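Following are the structures in question.
The two complexes that follow have chain A in common; it is paired with chain B in the first and with chain C in the second.
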Partner chain A sequence: MTPVLEIRDLRVKMPTPRGHVTVVDGVDLTAEPESIAGIAGESGSGKTITMLAVLGLLPPDAIVEGSARLAGRELIGLPERELRAVRGRRMAMIFQDPLASLHPMLTIGRQLTDHMRAHLGLGRAKARARAVELLAEVRLPDPAGMLDRHPHEFSGGMRQRVAIAMALACEPEVIIGDEPTTALDVTVQAGILRLLDRLRRESGVTVVLVTHDLGVMSALADTLSVFYSGRVVETGTAGTVLRRPRHPYTAGLLAALPSPEAKVDQGVRPIPGTPPVPGDRPSGCAFHPRCPHGVDQCAVEVPAPVELDDRHRFACPPDPFAAGRTS
Partner chain B sequence: MSRLEISGVHVAYGKGRRAAEIVAGVTLAVRPGQIVGLVGESGCGKSTLARAAVGLLRPSAGTVTFGGRPVTPLGHRARHVSLLPLQMVFQNPYACLSPRRRIGDQIGDGFRDDDGGSGGSGSRSHSRSRRAAELLELVGLPPSLRERYPHQMSGGQRQRAALAAALAPSPEVLVLDEPFASLDVSGQAQLARLLTDLSGELGVGMLLISHDLGIVKQIADELYVMYLGTIVEHGPTLELWRSARHPYTRALIAAIPHADGSGRIPEALAGDVGDPRTPPPGCRFHPRCPYSVEECETRPPPLTEVLPGRAAACWRHEDVAASADSPTTEEKPAGPSTGPITILKKEDR
Partner chain C sequence: MTNAEKTDGRQTDGRRRGALPRRRRSPISVAFVVRRFLATVVLCLAVTFVVFLLSNVIPADPASANLGDAARSDPEAVAAFRAKYHLDDGLLTQYGEFLQRLAHGDLGTSIQTQQPVLSDLADRAPATAELAIAAVFMAVLVGVPLGMVSALKRDRPADHLLRTVSLTGMSVPAFWLGLLALQLFYYRLGWVPGGGRLPVGGEPPPSVTGMYTLDALLTGRLGTFTDAVHHLILPALILATPGIALLTRFTRAAVLDVISEDYVRAATAKGLKRSTVLRRYVLRGATPLVITVSGLALANVFVASVLVEQVFSWSGLGSYAYQSAVRLDFPAVMGACLCITLVYVTINLVVDVLYGVVDPRIRVGS
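After this line comes the complex of A and B, so read on.
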């Protein structure tokens, strides 16, 4: 099966007052058709920059190298005019703040129909009918009545549903959701998670889901890639990575989560220290200063990925969680 | 003995006929060394209650006392010295940190004169600077950050610096409004650990306010669950978590996604949070409640003791207790629910 989205050795250097610094450093990522590919990691680990690079939305003075293919077609280096067509029709993005993709002064109906008329060449009446369908699809009550309302008339959860309807409008192959539920209450978040799951099954769209929330990953993601300091340190099926993590960073993130039990006596177990800032990344394995399992070699060599047969890969050759080892 | 006592507090914004009541009769208490969690969806009135708790807003009814004395708003600048041991950390660190002054100086402002060192002004400022460094270390920041301005720090660092500043007057009770909101997983865990240590080692009582029950329940001794300006359930954390008696508490718990790799999608709660200014009649939760019956639509249930040390405001709390799980709901429109309740399971992987 050809992956819908295939990222290979992607590198991004961002301009700073001290010159360009590497913020994405050799990322590989594959999203199969109709799957949800999860990207997790602490803030600042390069998740958003990776997605913006794929969409060609980075500032012109950012340096992007490597490859990102949408259904086989290379996106990196594509002229802006062609990228714009790809972004409108074939790939769509949902942001943490739905207002980022909605115009505050225009009605929901106007925004949806303008978008479809521009990209799909639909007539006014057809576009309006389709807009009603889309709002029903994302389960907004009274979809026809919604068309004449403005974004500020909606609650956060309803706005995110509108943003998803907008993303679906041109039936894209890929939807990239960057922390799409992070700003919502869990009660509302759960509804959006159910919506994304249904859309994936019913309309066959591929979703790249970026979030630091591993609970959300567990609910939705088929595959999971864990970012640390601009690199993928572990990847595999979400179930495997979450249940049997092999990279100490993944294990640390999971251990730091509130457990499903309340007020456990051993207390909370955070990962010590803070993530490195770009331009000041530790040598060797970037996680080694915070790692409880480090050996001498970790400070020197950039760890080569260890590959297990079930497409589970992790960048930690000492492999402290290998079966039979106690750690 | 409670240090902070909030009893029957109502808070409204605006005056006269335009007054909009947000908090509608809340009673809660914080004892020394105790972490009391206050949870509920965004917009239910948590921050409003917090501001009333520290005397930044005057309740329209009810009382707030600290160490037995009334907490009366005198304006931000003129807080009575007896209120110095009652401190608040705001959701936005900039609400308590000035952007134009170094962190060390701002922490130094908070020291009470009696423990700020004695002697000439030189030795006093030296001692303040040393104690500011100690506080930064206490909250897990390098002492060198004393020299920085707020904008030169990361979001997580600013949150900790604001906490250090609130700790300067040696508070007995801290009100923390959404302290986890700007942090990611590991930052949240670090802060949760720090708060547990502060309450355990320094005996600081805390009112820990958050929309995220998943984190709060990890460190709070007691929980208060708020819905549209009222407390709907209260009790020891572990008991509430294991056997909630109010359908809203159950819904909050059921909506939390767990990173267990199971692929299970948590339960959504139908409908929207609503506006406390225009609460529905009867039980405020009834339009979203799967247990709602006719009585719930007209008569507001009082918060009553359901077990020793536990209270719930629900006409049907016994039926809720008898049902093993919270009812499973299908993906619903974002409006109030009308359809039948059916079960939607994610296909096995």
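After this line comes the complex of A and C, so read on.
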């Protein structure tokens, strides 16, 4: 199968008062059609920046290099006009905070229809009719009554459903969910994730799902990529990565999780130390100062990813969790 | 000064699904209107009292300011004048009488015009309203786009230029600017008339609103309309200048604030055109501030009109207040002050109500 979304060697340098700083450093990522591609990693590891770079949403003074293909078509470097035809139409994004990402003074109906009208050329009445269908599809009560109301009248979970309806509106091939449940009450998080999963099955949309929640990953995601300091340190099918992690950072994340998914017998304990800041990243493997398995070489060389048969890739040459080896 | 209050909007998710939140309330409550009305009454009392005190403690004599040379040296004429305007009664007695008359809607008789102050004010209000409305329209129509440009060209030459010019525009006194402008555009270039609302001998249009431009349009007198606009442009522009500067600066700040909001990025991520995002999302987000500052600009226009109307021989409330003050025409001064107070209060009220209209999260007076 050709991937819907294929990111190769993506590099992003963000402007800071002290010059440009590399925050995404050679990210590879593949999302197969109708799959959920999970992305995990501590905050500040470059997940959001990667997603924004793909949609061309970074500030103009950010430097983006590498490749991101949507169904084979290169997006990086595309002129604004052509990017606009992709955004919302072929690839939509759901943001972390549904209150902040909806305009407080515009009605739900207006925000739900304006891009449909722009992309699909629908008239007002048709767009509103479709908006009602969409709100029903994301299981919101009284869809028709919602159109003339404003975001503050609804709860966080309902607002995120509205945001999902907005993302679905033009039937995109890919929906990027950037921690879509992080800002929500735990009680409604599961509902939102189930909704995304159902939409993926029913409408065949590919979902790129960013979340810290490894439990969610094991339940929903088909593949999982683990970010650390702007690099993907491990990637593979979610089952493999979560059950047989090969990178010490992934293993550390799992060990820090009081969850049965952690098959590596390390007990429950947080990873010591703090994640690096982009401007001051350790040399070699950025994880080496926190790694219990480091060798001298780790501080010198940026580790090249090792690829196993089942498309399981990881960047840790010492490979402390290799089969038959105990750590 | 705003009574508006933001409801937080971050509600818990514990709410049962299916139970919809209540319908949006009307933006104004009865309690709010009552409270505002009482506050206005108190404010007017305070203003009249202060003005009353001030006009009585200044060491100047209304009789000598208003009587002719001959009468001024005639003790009997002076005494008659003082008796007529109750100038020899005690302060509190005078103030009490003033309030009593005020309660009956009587502001007294102007010393200089010999007309009831109320009818003087009514005669002159439309001229000032016309000038002020034109000035604020200009301020918004010019200031908001300039502020937007300044924000979008942040830290580039256009921005630096606009910021410098607007800072200057805010600090220059309008009447002085008016004098300069008359010197240039009237005496030197002859582009505009030298003052007044119509050419000398020009006949005002039949009165509908009292605003010449509007009345001329309503009654289809295009010639009069052109004349009136010609006379209106320069004084309105002069009065608009501080407002343009104010709006440029505040719109810039508001746009820079709003443009980094998540909802702007989300709108861009939907594939909307940049111009649509700017117009519908960014500018909309900046409207509350623009409304506040426009209200402020309008209030400032009324203050500035006192001198600017004088410069442009514009027979409105401003020049009336000016002339009454120089002639020590106390009843007229009181009336003008009361009138300006009411205008201020009204502007504030309108700003607060508009807040509730543009921002659905706000219920005015809650």
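Simple rule for what comes next: the second predicted complex is superposed on the first by the 315 of 327 C-alpha atoms of A that agree within 3 Å, B and C clash if a C-alpha of one lies under 4 Å from a C-alpha of the other, contacts with A are read in each partner's own complex, and residues count from 1 in each chain.
In the analysis below, contacts are C-beta pairs under 8 Å (C-beta built on N, C-alpha and C of every residue); 3 or more make two chains touch, one makes a residue touch a chain.
Keep in mind it's a predicted model, so treat the numbers as computed, not measured.
Participant: Under the stated touch criterion, which partner chain does A:Val205 make contact with: chain B (first), chain C (second), both, or neither?
Facilitator: Neither chain B nor chain C is touched by A:Val205.
Participant: Could you say whether A:Asp114 touches chain B, chain C, both of them, or neither, answering first, second, both or neither?
Facilitator: Second partner only.
Participant: Please work out whether A:Met105 is in contact with chain B alone, chain C alone, both, or neither, and reply first, second, both or neither.
Facilitator: A:Met105 contacts chain C only, not chain B.
Participant: Among the partners chain B and chain C, which is in contact with a greater number of residues of chain A?
Facilitator: B
Participant: So in the superposed three-chain picture, is A:Asp185 touching just chain B, just chain C, both, or none of them (first/second/both/neither)?
Facilitator: A:Asp185 contacts both chain B and chain C.
Participant: Quick check for you: in the superposed arrangement, does A:Gly239 touch first (chain B), second (chain C), both or neither?
Facilitator: Only chain B; A:Gly239 stays clear of chain C.
Participant: Would you sort A:Gly215 into first (chain B), second (chain C), both or neither based on which partner it touches?
Facilitator: The first partner, chain B, only.
Participant: So, does A:Ile271 touch the first partner chain B, the second partner chain C, both, or neither?
Facilitator: first
Participant: After superposition on the shared chain, which partner residues are touched by A:Pro141: those of chain B (first), chain C (second), both, or neither?
Facilitator: Both chain B and chain C are touched by A:Pro141.
Participant: Now for A:Ile164: first (chain B), second (chain C), both, or neither, which partner does it touch?
Facilitator: After superposition on chain A, A:Ile164 lies in contact with neither partner.
Participant: Can you give me the overlap between the chain B contact set and the chain C contact set on chain A?
Facilitator: Of chain A, residues 141-142, 155-158, 185, 187-188 contact chain B in one complex and chain C in the other.
Participant: What residues on chain B touch chain A, complex-wise?
Facilitator: Counting only chain B, the residues touching chain A are 41-42, 154, 156, 184-190, 192-193, 196, 211-215, 217-221, 237-238, 240-242, 251-252, 254-269, 272-273, 331-335, 344, 346-347, 349.
Participant: Please give the residue numbers of chain A that touch chain C in the complex, ascending.
Facilitator: Listed in rising order, the residues of chain A that touch chain C are 55, 57, 80, 84-89, 92-93, 95, 97, 99-106, 111, 114-115, 118-119, 141-142, 145, 149-158, 163, 166, 170, 184-185, 187-188.
Participant: In their complex, what parts of chain C are in touch with chain A?
Facilitator: For this pair, the touching residues of chain C are 7, 9-15, 17-18, 20-21, 24, 261-263, 265-274, 276, 280-281, 284-285, 287, 358-361.
Participant: Taking the complex as given, what residues does chain A use to touch chain B?
Facilitator: For this pair, the touching residues of chain A are 42-43, 139-142, 155-158, 161, 185-191, 193-195, 197-198, 201, 212-220, 222, 237-243, 252-254, 256-264, 267-271, 274.
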